[in-house]
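In the two assemblies presented below, chain A is common to both, partnered first by chain B and then by chain C.
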Partner chain A sequence: MESQKVDLFLMTHSKYFESYQIPIIREQLLLADDSKFIALQTINFKEPVMMLVVSLLGGHFGIDRFIIGDVGLGVAKLLTCGGVGIWTIVDWFLIMGRTREINYEKVMMILG
Partner chain B sequence: MAVKEFIYKPDDHELEKAANSYLMSMIALMAGLPLPIINLIATFIFFLGNRKGTYFVRWHCCQALFSQATIVFVNSFCFYRTMSIIFGSAKVTNSYIAYLITVIVFNIIEFIITIQAAVYIRKGKHIEWWFFGTLAQLICKK
Partner chain C sequence: MSRRQLYAFILIATGSGYSWLIYSYYSLGNNPKFGVSACIFKDITGIPCPSCGVTRTILTLSKGQVWEALQINPLGILLGVFLLLFPLWIGYDLIRRKSSFLHYYLNAEELLKKKIIAIPAVILILLNWIWNIYKHL
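Now for the complex of A and B:
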């Protein structure tokens, strides 16, 4: 992939990833062929700050976990009322990192 | 409490996660009062959530966990004595009041130290507490 395209992609999507993941993604993107760029554009990235807001408002019902795709943990959180409130507090601090991790996994799945 | 050099220079995202471990334990302590066990459970869940994290993050999660474990012992006994007075036949004695004051002072000191640790770590300084730091050093694997 052209470096211009790669840099443009990283500039517009850097907020979805951890800082240490960006050089790895860049390297992988440069090695990938152009056909993967369209697939990358179709990925539905989750915004970490939005997930934090969801966690603050609906964390007790596991909505944050459902949205990012951790359905199993979401069900567990829903049934335990957010782990009697404890898990909800913990997730306020974990959810942003987990969202970035999931976004990274999505990119890596496409890039192989 | 001492500011020491860590074996490597941690990245910004590591600093954020490590500082969060202290902030989270503090918020759990505040939210869980008067129940003394909530903070320990919350810190343990946070530690589990970061078990695949970097060494720096795990190290600070360990230190926060050990400090919270100590608080639990102190607060649990105070909680038990208070419940005995409210619901049981125990009476308010001088030793109880002395213990209650000690527990309050201990909690306030722990609260201040935790805030200070969170601030320092976010700025990139590696904080090692007396006893808990050594314990974390021994238990946390690289």
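Now for the complex of A and C:
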């Protein structure tokens, strides 16, 4: 892929990833061919700040975990009153990092 | 989630679940109507959450009173089955060096993401929640 295209993608999507992941994604994007670009545009990225808001409001019911795709953990959180309230609070601090990690996994799944 | 992370997480979670149950068993005594509330949502709003009453359900179930347990909160029976089954399954996997639990866990996650299963599940949880509020759990 052209470096101009890659930089444009990274500029518009940098908020979805951890800072240390960006050089790895850039490297992989430069190696990938153009057909992957459209696939990348169709990925439904989750916004970390939005997930923090969801976690603050609905974390007790595991809604944050359901939305980012950790359905198993969401069920566990729902069935235990948000892990007796402790897990709910722990997730307020973890959910943004986990969201970025999941976004990174989605990109890596396409780039192989 | 890797196999090691998942297995460690489930073992810690079920371990704390059992500790909580033992604590509740001795603190509640023979009357499961009184006890410490573990639910922040209920403490703040006064409304029970969808999973309020699961401790009482499991404790009632452990005495063999299935019908009474079902009337407190049916989700407790589901959680009870998980608590009983998962540590045994993971133990089997660890001894045999297999990943069957991880495999089934990932498949179950994919299954629950399908709308045809997710929507009825959400409706059931909501109905159960309304029932919880109605019962003043």
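Rule of thumb we're sticking to: the second predicted complex is superposed on the first by the 112 of 112 C-alpha atoms of A that agree within 3 Å, B and C clash if a C-alpha of one lies under 4 Å from a C-alpha of the other, contacts with A are read in each partner's own complex, and residues count from 1 in each chain.
One rule holds in what follows: a residue touches a chain if its C-beta (ideal position, glycine included) is under 8 Å from a C-beta of that chain, and two chains touch if they have at least 3 such contacts.
Since the model is a prediction, treat every value here as computed from it, not as a measurement.
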Q. Put the two structures on top of each other at chain A: do chain B and chain C fit, or clash?
A. fit
Q) Which partner does A:Phe93 reach: the first (chain B), the second (chain C), both, or neither? A) first
Q: Scan A:His60 for contacts with chain B and chain C and give back first, second, both or neither.
A: second
(Q) With both complexes overlaid on chain A, does A:Tyr20 touch chain B (first), chain C (second), both or neither? (A) first
Q) So, does A:Ala76 touch the first partner chain B, the second partner chain C, both, or neither? A) second
**Q.** For chain A as apex, the angle formed with chain B and chain C - C-alpha centres, to the nearest 10 degrees
**A.** 60
(Q) Just checking: does A:Gly85 make contact with chain B only, chain C only, both, or neither of them? Give me first, second, both or neither. (A) both
Q | Minimal inter-chain CA distance - chain C and chain B, angstrom | A | 8
Q.
Identify the residues of chain A that lie in both the chain B contact region and the chain C contact region.
A. 83, 85
Q: Would you mind writing out the residues of chain A in touch with chain B in their complex?
A: 18-20, 83, 85-87, 89-90, 92-94, 97-98
**Q.** Touching residues (chain side chain C, partner chain A) in the complex
**A.** 1, 13, 17, 20, 38-42, 49-52, 54, 75, 78-79, 82, 105, 108-109, 112-113, 125
Q. So in the complex, which bits of chain B are touching chain A?
A. 11-13, 17, 20-21, 23-24, 27-28, 31-32, 38, 41-42, 45-46, 49-50
Q) Which of the residues in chain A end up touching chain C in this complex? A) 60-61, 69-72, 75-76, 78-85, 88
